[in-house]
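Here come two complexes built around subunit A, the first alongside subunit B, the second alongside subunit C.
And then the complex of A and B:
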């Protein structure tokens, strides 16, 4: 039983990492839309965020799970699961990044601009490091959230930790043992992600990159 | 057009699911706020080991998925001789989970109050209850209401997970309709819109609640 659960935990971790990687990429692509002058693009950004964050993950998962085959795209549960997590987390990540940019003090932006940096250098040298500073703690929170959220994919028959636990329950009726071990494994993973995030934060802080108020 | 036909044919059948979702969300969020306050009170007045126990509880629930506690209660309680309907089991899991979060939110609100204020309250001759009622509560509400509103919204979205233990709420409703009619996505689009409506209503309610409790200086009292 322990082997099955550990295997499930591995799949959960893979799904979460894939979802976080995809969500971060998509989020980074979305964030600039929220700052553009063009109103339709900004509106698209806000509508996307509103829809994705306002509907439960399970509804999004079922929509994609039933909807993809109807569009003649069926690549199995893991691809569908990763797509679900990517879309869902991208909305949260985009808002985290946007919050990071918004938290930058006006004076920093103005002094950056007064240095006469080219737009790309301005983005790379001023905005990105400062936004990272503010966005890292909530970023880690969303990552923990995604590890937990991946459990919902068990409902659309993606085999991971929660589904492994359910199968064991259905076969052996060892409810407390199976769910207890599963809860322990989730705890280790979430706590691990949290700690890892804090260590990265501390590491960056030592290099004067993140952290102290400027 | 296809979508409108769908809405005309099956729209009314979402009614009962919506009712159940609203009912579960209501009792679970009231329960979670009460449970969160109880946890906070235990923590504020507790001894060291009680503190540690509450802290452990909060960490445990913050780092495990809700779905797991839903299964634990739904499949586990019958084994120890407690047979409750799925709605109660699922709602209880939501209360336990969100209570942990809410106690942390409220604790943040209490911690934001300057310690000097407690000395000031004492020197004004306020009793324990008077301090809570006149000094602590008004400020905690202002600090905590936005996060509290967010938490309730998360809870409403999490009620969809009860469909996994066959509670006949909105998501279950849509799942059944999809399986009956073979439609690919229409059922879930309608449900998504209904959830969005619930979220918008809650957001507006939270905003007006914040307006109602926000402290304004009363110059006439000076």
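And then the complex of A and C:
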């Protein structure tokens, strides 16, 4: 039983990592749209966030699971599951990064402007590092959420930790043991993600990212 | 040489902060701006560096009009961004606080501008930056991050960073106001040395004693207008404007 659950946990982890990677990438692409002067693009950004965030994950999962084959794109539940997590988390990540940019001190932006930095250098040397640092805690938050959110995918027959636990329950009726172990495994994974985030944070602190004295 | 003519600035909320500023600053000249809180000193400095757009008037640097171009029909348009960037590189500005990029060491802060703006070899930029940091008395703190520096040290790095662009003018906005009293001296010392080097500077300050010591002229700003300007001795000891008299009476 434990082996089956560990295997499930492994699949959960792979799904979460794939979803987080995809969501981070998509989120990073979306964030700039929220800052553009062009109104249609900004509107598109907010509409996307509004609908993606406002849709229950379960509904989104069903939509994609049944929607993809209808669009003649049928690659099985794992691809569908990864797409679900990617889209869902991208909305949260995009807003997390947008918050990071908004947290940058005005004088830091103006110092950069007064040095006459070109847009690309500005983005690379000032905006990106500062925004990512400010975004790190809420970013880890969303990552932890995604590990747990992946359990919803069991509904669209993605075999992972939750589905593994259900199979065991159906076969052995050991409800509390199976669910207890599954919960423990989820906890360990979330704890790991959290620790990883803390480590990155500590590393950044040594590199000067502690905010400044007042 | 900087000439400002008829500078006007309204904030979107309708507040007219600058109401026709005329000011000429010669090469090597140090002009201090004094005035009550809210009189528009910061806004004036920010307009000179175009961190703030303005509604009317003209600013020239060595005869070249800055920031706007005349368009047909008396209107004006912003200069293209690359031109604005090139002009900004000829000016340095230091704010009251939070100048330094927190994720870069003192040395990296100073190197950032010239390495991108001047496209010089890395070694040359670094040598210049080291020289400037030594000059402001921070030769031993080049690898420190801003959070490891005192407020006075941070401001000195900020000055070095501005100087690294080899600016024609330095704009300083109350750069000692956020400092503990015992740290003010070391920053003022750096400014004194720049006066000796004939650096053109516009300094907003509340330290009247310091303004008297280093300025060639002091300008008094009142409700968005320069109502009195002159050498420190005249303006501080024999003020004409009645609000200036009142202002000076209240100062320690």
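The criterion applied here is as follows: the second predicted complex is superposed on the first by the 208 of 214 C-alpha atoms of A that agree within 3 Å, B and C clash if a C-alpha of one lies under 4 Å from a C-alpha of the other, contacts with A are read in each partner's own complex, and residues count from 1 in each chain.
Everything that follows uses one rule, which is that contacts are C-beta pairs under 8 Å (C-beta built on N, C-alpha and C of every residue); 3 or more make two chains touch, one makes a residue touch a chain.
Quick caveat, the model's predicted, so the values are computed rather than measured.
Chemist: Applying the touch criterion given at the start, work out whether A:62 contacts subunit B, subunit C, both or neither, answering first, second, both or neither.
Modeler: A:62 contacts subunit B only, not subunit C.
Chemist: Is A:73 contacted by the first partner subunit B, the second partner subunit C, both or neither?
Modeler: Neither partner.
Chemist: Kindly classify A:207 by the partners it touches after superposition: subunit B alone (first), subunit C alone (second), both, or neither?
Modeler: It touches subunit C, and subunit B stays clear.
Chemist: Counting only touches as set out at the top, which of subunit B and subunit C does A:107 meet: first, second, both, neither?
Modeler: A:107 contacts subunit C only, not subunit B.
Chemist: So which one touches more of the residues on subunit A, subunit B or subunit C?
Modeler: Here the partner covering more residues of subunit A is B.
Chemist: Can A:115 be said to touch subunit B (first), subunit C (second), both, or neither?
Modeler: A:115: touches subunit C, not subunit B.
Chemist: State whether A:126 touches subunit B only (first), subunit C only (second), both chains, or neither.
Modeler: After superposing on A, A:126 lies in contact with subunit C but is clear of subunit B.
Chemist: Figure out whether A:155 sits in contact with subunit B (first) or subunit C (second), or with both, or with neither.
Modeler: Touch partner of A:155: subunit B, not subunit C.
Chemist: So which bits of subunit A does subunit B touch that subunit C touches too?
Modeler: On subunit A, no residue contacts both subunit B in one structure and subunit C in the other.
Chemist: Per the contact definition, I'd like the list of subunit C residues that touch subunit A in the complex.
Modeler: Spelled out, the residues of subunit C in touch with subunit A are 49, 51, 81-82, 85-89, 91-93, 95, 97-105, 112-113, 116-117, 145-147, 151, 154, 158, 161-162, 165.
Chemist: Which subunit A residues qualify as touching subunit B in the complex?
Modeler: Counting only subunit A, the residues touching subunit B are 50-51, 54-60, 62-63, 66-67, 69-70, 144, 148-149, 151-152, 154-155, 162, 165-166, 169, 173, 175-176, 179, 182-183, 186-187, 190-191, 194.
Chemist: Please give the residue numbers of subunit B that touch subunit A in the complex, ascending.
Modeler: 59-60, 62-68, 71-72, 75-76, 79, 157-161, 163-164, 171, 174-175, 178, 184-185, 188-189, 191-192, 195-196, 199-200
Chemist: If you look only at subunit A, which of its residues touch subunit C in the complex?
Modeler: Within the complex, subunit A contacts subunit C at residues 105, 107-108, 110-119, 121, 125-126, 129-130, 133, 204, 207-214.
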